[in-house]
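Each chain carries a letter (A, B, C, D and E) given by its place in the written order, and its residues are counted from 1.
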Amino acid sequence: MSAPAIVLPETATSRRLRLAAIVAAAALFLALPLAGGEYWIKGVAMPALIYGLAALGLNLLVGCAGQISMGQAAFMAVGAFVGAISYGRYGLPLPLALLAAGGASALVGVVVGLPTRRIRGLYLMVATLAAQVVVLWAIQRVPWFGAEAHGTIGIPRIMLGPWEIRSTLDKYLLVLAVAVPLTLFARNLVASRIGRAWIAIREREVAAEVLGVPAFRYKLFAFAVAAFYGGVAGALVVFAWTGIASVEEYQLELSIKLLGMIIVGGLGSVLGSYLGAAFIALLPVAISVSLTWGAAFVGGGAVNSALISNAEHVVFGLLLLVFLIAEPRGLARLVTRAANRLRSTSISRRQS
Amino acid sequence: MNDLVYAVELTITGLLIGVMYAMVALGFVLIYKASAVFNFAQGAMTLFAALMVVGLRPVFGLAGALAAALAGMAVIAVAVERFVLRPLVGRSALAIFMATVAVASILEGVAQIVWGNQPRGLKLDLPAAPLQFHGVYVSPADLMGAGVAGLSVLLIALFFRWTRVGLGLRALASDPIAAQAMGVPTHRVWAAAWTLAGAVAIVAGVLWGSRIGVHFGMTQITLKALPILIIGGIESIPGVILAGLLVGAAEALGEGFLGPIVGGGVQEMIAYLAALLVLLLRPHGLLGEKSVERI
Amino acid sequence: MAATVPLLELEGVEVVYDGSVLALKGVSLVVPEGGVVALLGANGAGKSTTLKAVSRVLAAEGGSVRRGRIRFRGEAIDTRTTAELVRRGIVHVLEGRRLFRQLDVEENLRMGAYSRSDRAGIRSDLEEVYALFPRLRERRKQKTGYLSGGEQQMAAIGRGLMGRPALMLLDEPTMGLAPAIASEVFAVVRRLNTERGVAFLLSEQNLGLALRVAGHAYVLESGSVSFAGEPAALAGAGRAEAAYFGA
Amino acid sequence: MAAVDPLVVEGLSLRFGAVEALRGVGFRVGQGEIFGIIGPNGAGKTSLLNVVSGTYRASAGRVHHFGVEGSRQPRHRLAGRGIARTFQNVALFGDLTVLENILVGRHQKMGAGLLSCGFAWPFVRAEARRHREAARAALAFLDLEGVADAHVEALPYGVKKKVELARAIAMEPKLLLLDEPLAGMNAAEKQDIAASIRRIRDRFGTTVVMIEHDIGLVVALSDRVMALDHGEKIAEGAPADVRRDPEVVRAYFGDGGDALDIAGHA
Amino acid sequence: ADPEIHHPMLVTRTGPFATGATGVSSGQQDYFALLNAKGGIEGAKIRWSECEFAYATPRALECYERFRGEWKIVYPNSTPAVVALGERLAADKVAGINPAGNRADSTDGETFPYLYPVVANFWAQASSTIRYLAQREGGEDKLKGKKIAFIHLDNAYGRGAIPVLEVLSKRFGFEWKSFPLPPPGLEQSAAWVDIARRYRADWAVQWNYGQSCTVPFTEIQKVGFPIDKFIGTLWCGSEEDIVAAGDLAKNYVSANYHGVGRDFPVIKEILAKVHDAGKGNIERERVGTVAYNRGVLTGILIAEAFGHAIRDQGLPLTGEKVLNGLNKVKLTKERLKELGAEGLVPEISLTPQYHGGVDGQVFQRWDGKTWTTISGWIPPYEDVVWDEVKRSAAAYRAEVKAKQ
């Protein structure tokens, strides 16, 4: 072959930068509660982490394995209810309850994944939507879930062995203690033969099979893992965030938001899942707050509050669009690129 | 009322509703045909269209309002093409799907800013009293609605059959870059497809609006279209008509005969379970195209 | 050649992909009215990129012309869309065929004539393509995604012909074709060139074939032109071989 | 059972609706042979390879790999039995780097399961490292070290074909099925690849089945050649004989003597 | 500066639930504006801030955190939100009110110290509706053998009334049948064919919400079901639920728990002192609608709680003080008369043990333009309601207290 064209060196440094970004994010998540106080934990960090975890699972399924799912919220619902029930009604210790939540959800995930033997693309997307509808229907109708009367179930005090998990900080640490290892697990998975096999299936399924990848089994793996993460996230919603398992919270809208999180964050990117979750979950709040401030500043309270609320939708849509157009590879890429630039300017400064 | 008459009446009711479902599903089909993407904004477009008709009717009369709404939908279509589709050419279906989510958010916000969020009535002055044939009741309004919907579907099907735009759209969905290399004026064809989907949204919005009122919740009616899409085949116009009718009838009969047994609203379940069943037997829907793949 | 304006003229064209990969480093070449020009070069030399720059398919693949001029009949075409160029008579048969896999053979061929409206002409051209590739007639209603590799190549070339081009950009037209069909394709190139005056810019690996029809040849080496001239001179000088070995 | 042939095909037929892609094709490839398949476009060559590699299910007939019936097996099983192939229309995984593409080829050689991979135990890391080395070796075999970390999408066509070949080699196959490995290359590059193919056979004793249109190289490289036309075998034997076979000449080269010339150029 | 009460409010001004919710929030604000115009509560003016949560629970949680420490009383007008907030409310000792909403068992203040259904809970609503039907039939004994079609959303809310119907059908010998609709319940034609033509119901009662309340009107007409035999829950009894149906809804009767229209001194005063002064928080036309008056009612309730809190514990107000104040609220006839809300607001009296909930309803008829109240105060069958409250509260205690 001919001499390679000029290519900017990127891979090695960008890997190191990604590591730096992860460290920075971790530091941020640790510093937040100490510096920012309760609002930042409960209003910002908690949703970003919990949704981020659910999004991370979905990202393995959609971003890596290429199986589009509109059912992630249903997996969260299964996790939320199974977690609450196994802890509250059956008295499982907290870690086991979390595992049960993830495990039950993973089982459901495998069932939902069965059609992938033959179905793909948009058809699969709608099939998973069907799963979303059926699962939520079942949770409301099967007495075992205890949601028939109120759509919600509560939980007893949360004990981890002898300690009660009570304060906001405790709960936040619980979330971190679950999210961090699961995140590392996902990162390892993506870099392993399994992650590669998923991408191969996504890109060219038949070729992957001929090369020895049992595609169907791996697709089921992906569904199971995605559902596991979703289920654990759902259980964390109950144990660490809202204190109830509520059918209302896991409707289709949330499934679509989760999809939005991974697309905005970066398909197949671990870090991106969290960034995307923060973006989608928090942007409306940020817009709402800034519009309210802006309006108060401009109109001194005379601005119609309905107008502000509606404008929030418009602004959110516009920002989402701008973002989708400007950064095809998601927030994760944006972060590494910014870091890259930072690095290269510092290098050039050192050189001059 | 004996079971037979009951079943007949349910079937007729179901079929009439089914046509209206098909109408909603058709909007998705049009966009899918043009860009192989699932248009999440179809529901918002339906709401927006209906609101435009209701809002402009006092000024222009019904016919004028319909025309004005069509113009409005065309403007939206052009804007979507220019600011959403064009910059996203060649990007993954998921990214474009997300962009339609954004479009939905914008449309919903604008609709509520302009028209507020109070529900509005949309009366079509159709005869109200039910007609009777051999003890079976049929609503003339439904009949009319189904007629209009059926006619629109037919017109669109013919349009696709007899113009080369149809072929161009399919090529575009299959490979936009190659289609451009063939001289397909992508921008215009996309704008046309979205305008057509806008027109469908108007018809669907008006018909549904006259049944259930025009209100934000209307966007949810489009969810009904999803199982129909996969039963019929996402890119098939005849497919969604067939599936709409099937689902309409199955829902009505299922609700009537099965619902009492399992003691629950099974309508939705029926549509989705039917969809899953169809998918297992025919992964590309009844009349949809098999995705072409070979090594 | 001061008096006659060449059909196509590239002047110092530089192309970058993704803002970082420099694929063409100032390529200049000329396709005269009614000429057949061959582009030669090793894998990755930039042949496909050159053709894409002309038809402006480049943008859709993340590439852009950073410097230089591309003129068609004396007019700069750097800002035109691909669709407009098709209407002006530049038809590009893309590398990797890029058929509409969901459409059948005939629909693909008709897509090739999308910007034409002479129904009768389209009919007769269709017949002509079928006569050229009888295999395609047998597979008329077959979705092109299911065709064999060679059949796909025939469909891609046929689709290009349906556009009645004034200038045809052919990217490795004989790839995957059995010898009989390959030489048939070149016979057609020669025939269209002499009978209708269609000009060709083709990238081709089969040196023997290419040099037999081409009136002029360029050899690309890592994005630059390393040789330009008569095919005979090229063969004689052994330069082609040299270029091929990347020396 | 000293001499079980690597590939035995009997009475293979394949239909797609009205199209009969294969009609009762049968042949046998011996250990360490390079077996060429030629034929006009649409003759059924790729389809044959697809059946042999488990991608298509035959309507009739049988395929034995190393004595084991394989035409009804799940596709991924065959890879484990040492059967590798390349594809006519390059089938690389676009979003992976070259090296990662090669590693997918070694998927079955690695054993770490879902949990082990997630926990990245030391033995998993060691295994990954080992296979990375093996993959690099496969790249080196075809002089591709330079592009190991490149994304395959941006590679020129010819390089992609070589990467595919490297991926197949990395599977350490006993039976290697190649579909037009030389298409889209210039003369020099073709010689190069042909030499590599021979080297694979000579060094590892790999049996090779190769579809190719460049008749000159097929003749030079193959031990035996089979010609297909319209799904049927029309000739089989020594390369030179098949090339001269009148039936083959009619079907493959057409009546213009022209074509022979061209093909022979290389 | 003047003493001031900062009152954060959770509002839903966008999305499908905004129709009525905007009326409720704005009615509340108008009432506060009136109080402010008259000098405030015990001299303290109310300053409210809105936090839009769009009926989404996670955003309600964020809002709650954003105004943490500022909350005096929480009224999201959304059952999932108020229930999800429960744990925080308990930690911060802030009351959450959800008039006529779920959880119906929060009537039991000992089990749910921080949740208040305030007026008729679901079970009270259902049993009061049955009592009303008995009245229409001419006595409870006339219910025997009658068929009641219960058409409802197939979710926790829509099914909420079922236990009560079961008990009462045994007691009075009427037949009833459930016609569940999958939410959002926009397609009801099959159900109505069944109700009217096969089941041949004597009465149809709808337990829908939002737009699904509107859908029956075209349907009943199609199947020829008499509209005067069609009764709606109080959640299907506001203008927003029927205006889209236009004339088709004429003579429809729905339940309510408060007065409707402008013919109350307090509403007139709001029009004069707030809207005429250009300080209205909503379009003038919506003043006096059901949702609006519901807002005024909650405004009165909250203001009463504030008043008690200030008088007993002084400014500045905290959630806990307001909670204590709320437990003292006694909206007696006399007090309502003072407030100019007689006939608008029912008598409400709350204690730490009794959080309201076992109250009655009034019934109102739509004449095509406005609602007219057509019944007196119809009480529920209290024994039935209490049985349900006790049973459900006990189940909840089991659910939550297991590990304590």
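Keep in mind that, in the parts below, a residue touches a chain if its C-beta (ideal position, glycine included) is under 8 Å from a C-beta of that chain, and two chains touch if they have at least 3 such contacts.
Everything numeric here is computed off the predicted structure, so don't read it as measured data.
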From chain C, the most remote chain by mean C-alpha position: E
Chain whose mean Cα position lies farthest from chain D: E
Between chain D and chain E, centroid-to-centroid distance (C-alpha), Å: 73
Chain A and chain D: spacing of chain centres that average the CA atoms, whole Å: 42
For chain A paired with chain E, centre-to-centre distance based on mean C-alpha positions, whole Å: 36
Contacts with 2+ other chains: residues of chain D: 46, 55, 87-89, 91, 156, 158-159
Where chain B touches two or more other chains at once, by residue number: 108-109, 112, 117, 264, 268-269, 291, 293, 295
For chain C, residues that touch 2 or more chains besides their own: 21, 42-45, 146
Contact footprint of chain B on chain A as seen in their complex: 62, 68, 115, 118-123, 125-127, 129-130, 133-134, 137, 141, 206-207, 210, 252, 256, 259-260, 263-264, 267, 306-307, 310-318, 320-321, 324-325, 328
Parts of chain C lying in touch with chain B, wherever the complex brings them together: 55, 57, 60-61, 81-83, 86-87, 91-92, 94, 98-103, 107, 110-112, 114-115, 143-146, 159, 163
Residues of chain E defined as touching chain A within the complex: 11, 13-14, 22, 50-52, 54, 57-59, 61-62, 65-66, 68, 79-80, 83-84, 86-87, 102-103, 154-157, 159-160, 182, 392, 396, 399-404
Of chain C, residues touching chain D in the complex: 17-18, 21, 40, 42-45, 48, 95-96, 135, 139, 142, 146-151, 153-154, 172, 175-184, 205-209, 241, 244-245
Contact footprint of chain D on chain A as seen in their complex: 1, 4, 7, 11, 185-186, 188-189, 191-197, 199-200, 202-204, 206-215, 221, 225, 268
